[in-house]
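Pasting the structures here.
One chain, subunit A, links the two complexes that follow: it is found with subunit B in the first and with subunit C in the second.
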Partner chain A sequence: MLVHSRKGKWATWTVFFVLFLPLFALPLLVIVAASFAGHWSGALPSDFTAEHYSAATRGESLQALTTSLLTALGASLIALAAGTWAALAAAALKRRGDGTSRLSRGCGRLLDALFIMPVAVPSVVVGLAVLVAFSKPPVILNGTSTIVVLAHAILVTAFAYQSVSAAILRLDPAYEQAAASLGARPAYVLWRVKLPLLLPSLTAAAGLCFALSMGELSATMMLYPPDWTPLPVRIYAATDRGATFTGAALAVVLMAATLLVLFAVSRIRTRASYR
Partner chain B sequence: MGEPSEPSEPSERLRDGGPVASAVPTRPALRDDCPQGEQRGRLPQQRREPGLRSRERQPGRQPGRQPGARRGAVPAFVWALPPVALLGLVFLYPLALVVQQSVRPDEGGTSLQPYADVFGSASFREALGTTVWLAVGATVGCLVLGFALALIIAFVPFPGGKAVARFIDVFLSFPSFLITLALLFIYGTKGMANGLWTDATGAGGDGPFQFLTTPWGVLLAEITYFTPFVMRPLLAAFSQIDTAQLEVASSLGARPLRVVRQVILPEALPALAAGGSLVLVMCLNEFGIVLFTGAKDVTTLPMLVYSKAMLESDYPAACVVAVVNIAISVGLYGLYRVVSRRAGA
Partner chain C sequence: MSSGIRFDSVSVAYGRNVVLDGLDLTVEPGEVMALLGPSGSGKTTALRAVAGFVRPVSGRVFIGDRDVTALPPHRRGIGMVVQQYALFPHLRVEENVAFGLKAQKAPRAEIPGRVADALEMTGMGGYAKRYPRELSGGQQQRVAIARALAIRPGVLLLDEPLSALDAQLRSGMLAELARLHRELPDVSILYVTHDQVEALTLADRIAVMDRARLRDCGTPQELYRAPRTAFTASFVGNANLLPVSVGVGSVSLGGAEVKVDTGEVAAGVGATLCVRPHLVGLGDGPNSLEGTVTEVQWRGATHRVYVDVAGHSVKADVRELREPPALGSGVTVHFAPEDAVLLAAGVTDG
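Now for the complex of A and B:
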């Protein structure tokens, strides 16, 4: 549309793929290739072996995968509950028209700002803050798995909040008004009308939170206890001591697990989206 | 409302076949709340009007019900208290403690001495400089590259365009350090590029690609990882442009570059601004990429926080660096929110 001549089109596409393939496709391919490599000192890997995968799926590495999955599950459930609650409360405060004062709309916007703030704060700093706060009485969580889950939950809640409140904004208020005008109590409207309508975006938010938590490294590096080592930390430990091929195999395991969960979640979403 | 009632043929095609938001799974809507979300958000308000009117009629129809009692006896702000209390306990209170600890040196008492010490140290100033130039450089790189790539996907469509757009979404759901890990295999001392070079030239020793442990390696990794974050809002903005405008411009004799400059760029500016400031903040906060590079001479602010706290156990200094980092990032993020809200309005 922008370029009309055949020659010009092919030239543009060539430029696109010359930029796109080495920058974005090559890195992922290289990680997969390296995870099978027994040796890589020339242009291409050699001595292909599945040994790294057998190392990556047993013992401590397998435990790291379970740790990551459990952490991500816990963090996304907490984030989803807190984020949805806060987004619904903020939407109620910001509701236009009848009787909402300027004060209450201001409170709604304040809620927005508060819940989105964790995105802007560096995650290393979130890790440091949690470490500083929960290493001393009254609550000592230092060295437990709870502190890792807690930090992940703080980091991903903002994303759950953002995507749920965007979905609430898109929600047609006619449904809840119809239900309320037929005599449904607010709790009933929430449970039987609003949440089902929000379900597609709730599952999308859950998938996002899960993926983010699976890959979270910065705060985790500040907090993880020796008996609760998530997969990214394990990948770092492997590459840091020079076992880059094992690191690559672990990275492939991490990517595959993330994609599998995202795929499963998108299946729920298609089944739930009956709008 | 802004759309013509009968969209011209090409724009219709773009909407159906182009890389539009429907193809996208999770991250984008999530990670950025750029114009796309804002613009979609505008529709419900238009739809909301009739709803409001009908609600105003309600009391007339049902004289027994009080209009104000719809949400029950509990006012709306009470429902906002539990999540705010939770957030305060696990996020705001710890942050306040970080600020408090930054003015409490190890010797006890309250003083600004830690600030003076940290600001006076060469490592801090170097880290601040490195962080800022890396973030600005990566942002500029992402904007240029992202604009060019999104332009081609949207306006010079090719058969696999949709798959490429989907690949970008998948790319966004992976952690950043994977890129550095991959670059180790490509440009590392024993990597592909150096292997190709030594094979081709027959020269012994190490190849010419040794930039990975320098700031340039970090810059390359950041541009690679964050460019998709610019492309997403741009693709959304491009799908809103009526392609008839482009056809008209080029039928009047404008060359492609002029069409880009005078028709597409003005439409894309809000998305560019929003995407760019998001990437800037994320680059300032990036930790995984720098950690995986393993370079001793590349220290950014988050890296400095980590090494002060974990390796040197110097918590007051770590807290000072953290406060500086928070101030820069939160300030910029506030700017980003303002910009993206303007962009949507």
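Now for the complex of A and C:
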């Protein structure tokens, strides 16, 4: 804590509780409260029940959770592989010094721009683009689970690319050079030195991608086939037909599942950090 | 495997910025060559050109008889140790040392023995299972040297290997490096440093570099006793450099005549008189010069006295004085004619 006086500390904590807690924590608490509510007509919910949860963890809802987890897993693995590959390629292209032409530095910057696009473009647009692109020959994916995973992968790769790029920039080139001077080919250096050293950032990127994919709704809405309904779509459908409390229970399940996975990933990350 | 290094007019430039300008230098097989110079002199660039991390804009680099100019670093057969060690933090000490052997696909059965040998040679045998972060700076440096030696390179490149260590460890490691070289007499060593003590102690020959160029090259004794340029004289041993005018058979410094061997310096031109501070004495003697004391520094066993002689500062390192001269007082300094070297004015800038 940078504030040293006792009064100052109290003031900061007060500001934190008054301003930030309601803003960030309260909406989530409301969802949790609603998920247990039988009625909510006054200031507080009443008739507490666990019924919504038994509905939310059975049948189609359970299947939606599995669908979401599988989609997020597939999308984040694709995003991690593609994003890391592209980030490594861009770093190699942009590296200063000998033999780097202006053209290759330009290509590196082009890659940067290309991978920021899905962040800048609204996800509805990305969903529509994927739908239009893969609804006609030669590749028809319309109505398959693949198209959902693909759209999610496109949306989250940008985040994987950016966090891995930042990590590569921080990686001391001395490691790579020491390995090369010991006679290691570039591929050997990549697998035995660079990727292990990047592992903490890779797991962080994977966690971020997973969380983003778990919550994706707008592009999914345009693409999902009936037999591949992710959880956010079901939450939307439930709330849309007025079953707010069921929707809240589903939302809590989604939140808990995501947090659980992120927690597991962060455990791997702690084990993988060296300094 | 013994192989030297040869630079054949090697130039390196980043854009318009020339950082190494036409370097011609040969390191004989088994020789320790120090590249000595201030920062920005191009010495590290020269080493990186041998390692393959910078590509020369012109010239060729040879290791042994092989032209390696276009080879990528991993095919050059070099060992390299850098200032910040660059041990792989995710690998144990033994895995770090085995890295090069595995990368070069050495026979699997040989690896443990060669790793143990390399660690033994640097006195790190007891630390094989540790991680680099669990070692002190000096220990990490030993592991880095063991890692470079395990692949049995013909050429060892050392880039300021001791500058991250404290003074006491440094002199210990210096002796250690000298011992290693006696044990591996076939390995040529290119040793980059800005520290003249390291260069004088360890090197068979020293190449003095300044502003992207090679200024002087010779054995430590040659460079110290008979520097060919004023830059070498001041950088190696911090010599007094005094402008003098050379007449026929006489040399004068600010009006006072001094006796010194004129060598090849022609009469009638300006020249620089170079004499080491520890060879300048206080009091009367041959080549006496009158001056005033401007500063006195106590350095334990010695006093360094700065004396202003006809507008030029002369440094004298004398054995610790019981009564050091007062600032502003007049003193006489002297030096023996054979301890001074006369440099023609044209070489002042190298």
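The rule is short, and it goes like this: the second predicted complex is superposed on the first by the 256 of 275 C-alpha atoms of A that agree within 3 Å, B and C clash if a C-alpha of one lies under 4 Å from a C-alpha of the other, contacts with A are read in each partner's own complex, and residues count from 1 in each chain.
FYI, contacts are C-beta pairs under 8 Å (C-beta built on N, C-alpha and C of every residue); 3 or more make two chains touch, one makes a residue touch a chain.
Since we're looking at a predicted model, the values are computed, not measured.
In the superposed model, A:A179 lies in contact with subunit C only, and not with subunit B.
More residues of subunit A are in touch with B than with the other of subunit B and subunit C.
In the overlay built on the shared chain, the residue A:G74 is in contact with neither subunit B nor subunit C. In the superposed model, A:Y188 makes contact with subunit C only, not with subunit B.
In the superposition on chain A, A:P230 makes contact with neither subunit B nor subunit C. With both structures placed on the common chain, the touch criterion links A:L197 to subunit C but leaves subunit B unconnected. Of the two partner chains, subunit B is the only one touched by A:L93; subunit C is not.
Where the contact sets of subunit A with subunit B and with subunit C meet, they give residues 97-99, 172, 174, 177, 180-181, 185-186.
Residues 12, 14, 51-55, 72-80, 82, 84, 86-90, 99-100, 103-104, 131, 133, 147-148, 151, 157 of subunit C touch subunit A in their complex.
Within the complex formed with subunit A, the subunit B residues making contact are 10, 25-27, 29-31, 33, 37, 40-41, 43-45, 47-48, 50-52, 54-56, 58, 62, 67-68, 70-72, 76-77, 79-80, 82-84, 86-87, 90-95, 97-98, 101, 145, 148-149, 151-153, 155-158, 164, 167-168, 170-171, 173-179, 181-186, 190-192, 195-196, 198-199, 223-224, 227-228, 243, 246-247, 250, 256, 259-260, 281, 284-285, 287-288, 291-292, 294, 301-302, 305-306, 309-310, 315, 318-319, 322, 325-326, 329-330, 332-334, 337. By the touch criterion given at the top, residues 97-99, 172, 174-175, 177-186, 188, 192-193, 196-197, 274-275 of subunit A touch subunit C in their complex. Only residues 1-4, 8-9, 12-13, 15-16, 19-20, 23-28, 30-31, 33-34, 40-44, 82, 85-86, 88-90, 92-93, 95-99, 104, 107, 111, 114-126, 128-134, 150, 153-154, 157, 159, 162-163, 166, 169-174, 177, 180-181, 185-186, 204-205, 207-208, 211, 214-218, 221-222, 232, 235-236, 239-240, 244, 247-248, 251, 254-255, 258-259, 262, 265-266 of subunit A touch subunit B when the two sit together in their complex.
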